[in-house]
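Given below, in the form of structure tokens, are the structures.
Both of the next two complexes hold chain A, though its partner changes from chain B to chain C.
Moving on, here comes the complex of A and B:
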């Protein structure tokens, strides 16, 4: 059965709609609670994972690039692995940004009911509705900037999604019915190609977590058990780095062959030659 | 299974038919191989196949047209699409039109045999599918 990926301008609406749709369809829900399991698996604090997802922008900005990539890779690997199960709705773990080329993953984008959310936020925080609305808009903008810096994707671009629902115009119950109706389309049916694409996404993410423990600045693609790793290296380090990558990636279950592409570190090499 | 599954395999690359015909024969299927769509279509008009495996990108006629034609004439026939140009939009289009499955090339014969076994189940004619490693 298909996967439904729900992303939203605000966390509250994603949670509300995802849980209601899961109830309606009898699907399981995969949300941010998975971060606690990931944290336990890798021996880190769940808060750090949440920060890497951009939920605390100031801490995210202070985080080193390598650490950010590593934490995001942990999340991707676990989420992609769990998405291999059938009948699942995923929200709150930015899977709309890293589940790529999987035709049975229906991506839904929810546009917030700004007026209602501002009123609610104003009541909770004891501030004016106008200030609350501004604060919500700022948070949406910052999350978009985070998506751009972390994944190079503009998440406000509607072409990224299969379905965009404006909660300012569509009631939540109607949104849930719309999602349930759309996911029944034949085009979202799992097929050999899409199941394999998902498994390859998952394998690449696992290899990435393994490599990012010691290396940085890597890109991983998987196809039929073959893994292609692209990174940068100084000329004198090339052989050693390629051997390390092959050794580490080869340890991941499901990897049959590793191909390494190393691009010259032109700037570092130039800097070293002037010393 | 009382009667062997009747399969038509259409791909303009001769190697595909050459490799897949024996792989499918091993699980008891009768396979007719074609490299050009027009003769394949003529054969389809003469005979109702249980399963049709077709490439998508071909000269003269593409696999989507074959899919439309087959399902209009034989709604019960299972059509499996194979392509070296797999993309999400193409995969979704094929499924929307009623394809049974969509497989990206390159694939190993066991990948196709698994799909054939599922199609046979869906047709109510399960086949004895034992995996043999012939990558």
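Moving on, here comes the complex of A and C:
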């Protein structure tokens, strides 16, 4: 059965719709509570994972790019692994950005009912509705900037999703009905190749977590047990770095062969040649 | 009962979906014939209206007012047709031409580029390179047009109530979603919303009568009371004279006034 990935401008609407749809369909729901499990697995603090997801913009901005990549790799590896189960709805862990090329994953984007959200937020925070609305729009904009920075993707572009539903006009119950109806369509049935594609995404993520402990600026792809790692290196380091990558990646279960592509680190080469 | 507007990239099956939705719901379809309507009524050649609604304004055109005028004519024709309720519009920029009208279900049909290229190749019997070039140019024009004239990116999903990727669903699936949404409470037209659409149609009609000569005006209408806002005080006498002519040619006006203003109200057309 398919995977449903819910992405939303606001956490509240994603949670509401994801949980309602899970109830309607009898699916599991995978949300931000998974961060606690990931933190325990890798021996880190759960709030660091939350910061890496851009949930606290001030702390996220202070986080080094390498650290962010590492934390995001932990999240991707665990979430992709869990998505191998059937009948699951995923929300709140930006899976719409890293689940790529998996045909049985239905991606749904929810646009917030900004009026209602602003009223709720105003009530909770004791501020004016106007100020609450501005604050929400600000948070949405910052989250979009985060997605661009972390994954190079524009979250607001409709081509990223199979369905976009505006909760400002369409009631939550109607949205849940639409999602529940859509997921039954033929194109979202798991096929051998789509399950394989998901497994390969998951394998690549696991290899990335292994490599990012010691290396930075790497790209990992997996296909048929073969893992391709792309990175940068100075000429004099190439052999050693390739050997390290092959050894580390080879330790991950499911990896049969490791291919390494190292691109010249042009700027560092130039800097070193002047010394 | 609803008003549905379906926006689409070229060759993304939007027309087929629109026609099937109209057939399923028993609604009228508005598209190209709207331009003929506007062309007849305002005595503008159809090709000029097509260019106004399709091509992005060139550098010089941005300083001329013809395009704004032509859009006013198209908008007048569209809002008048929409005020009869139960319509599906699948021409360009429906989500913008019909904005600020409550209860309009705004749908966008999108598709992956490779899907659209394949359809274009099959339809026109051309190579992949040619098909891709045509589609990219068309997309670019549409985005530029919408951004320049309305400050909005047509690919921004915030402009719509529902966006459906047609290469992931069949046309009939998209029709199911749209019909389901159209029948929900949020999109049922009420007497109040119909009255507002008729007021907007009247405001658009008055603007269309005046915009050729008076470029910088905004028009509002509430219960047949039309107010024309102008920033240009120097041409007040001429505008008054023109208003008198409009009073006799446009039906349904209860009261018609001119206000000099620094800015226009947000609901002005």
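What we mean here is this: the second predicted complex is superposed on the first by the 275 of 275 C-alpha atoms of A that agree within 3 Å, B and C clash if a C-alpha of one lies under 4 Å from a C-alpha of the other, contacts with A are read in each partner's own complex, and residues count from 1 in each chain.
Everything below uses one rule, namely that a residue touches a chain if its C-beta (ideal position, glycine included) is under 8 Å from a C-beta of that chain, and two chains touch if they have at least 3 such contacts.
Only a predicted model underlies this, so the values are computations on that prediction, with no experimental measurement involved.
Overlaying the two complexes via chain A leaves chain B and chain C side by side, clear of any clash. In the superposed model, A:169 lies in contact with chain C only, and not with chain B.
Residue contacts after overlaying the shared chain place A:111 against chain C, while chain B stays out of touching range. In the superposition on chain A, A:124 contacts neither chain B nor chain C. When the two structures are aligned on the shared chain, A:187 is found in touch with chain B and with chain C.
Looking at the shared chain after the overlay, A:214 reaches neither chain B nor chain C.
Of the two partner chains placed by superposition, only chain B is touched by A:101; chain C is not.
After overlaying the two complexes on the shared chain, residue contacts for A:177 are found with chain C alone; chain B is out of touch. Judged by the touch definition given at the top, the superposed model places A:161 against chain C, while chain B stays out of reach. Touching more residues of chain A than its counterpart among chain B and chain C is C.
Put simply, the nearest alpha carbons of chain B and chain C end up 6 Å apart when the two models share chain A. Chain A uses residues 185, 187-188 to touch chain B in one structure and chain C in the other.
Taken in their complex, chain A has these residues touching chain C: 106, 109, 111, 156-159, 161-166, 168-171, 174, 177-178, 181-182, 185, 187-188.
Interface residues of chain C facing chain A in the complex, by the touch rule stated above, are 105, 108, 110, 112, 155-158, 160-165, 168-170, 173, 176-177, 180-181, 184-187. On the chain A side of its complex with chain B, the touching residues are 101-103, 185-189, 191-194, 196, 224. Those residues of chain B lying in contact with chain A across their complex are 86-88, 91-93, 95-96, 98-99, 101-104, 106-107, 111, 114-115.
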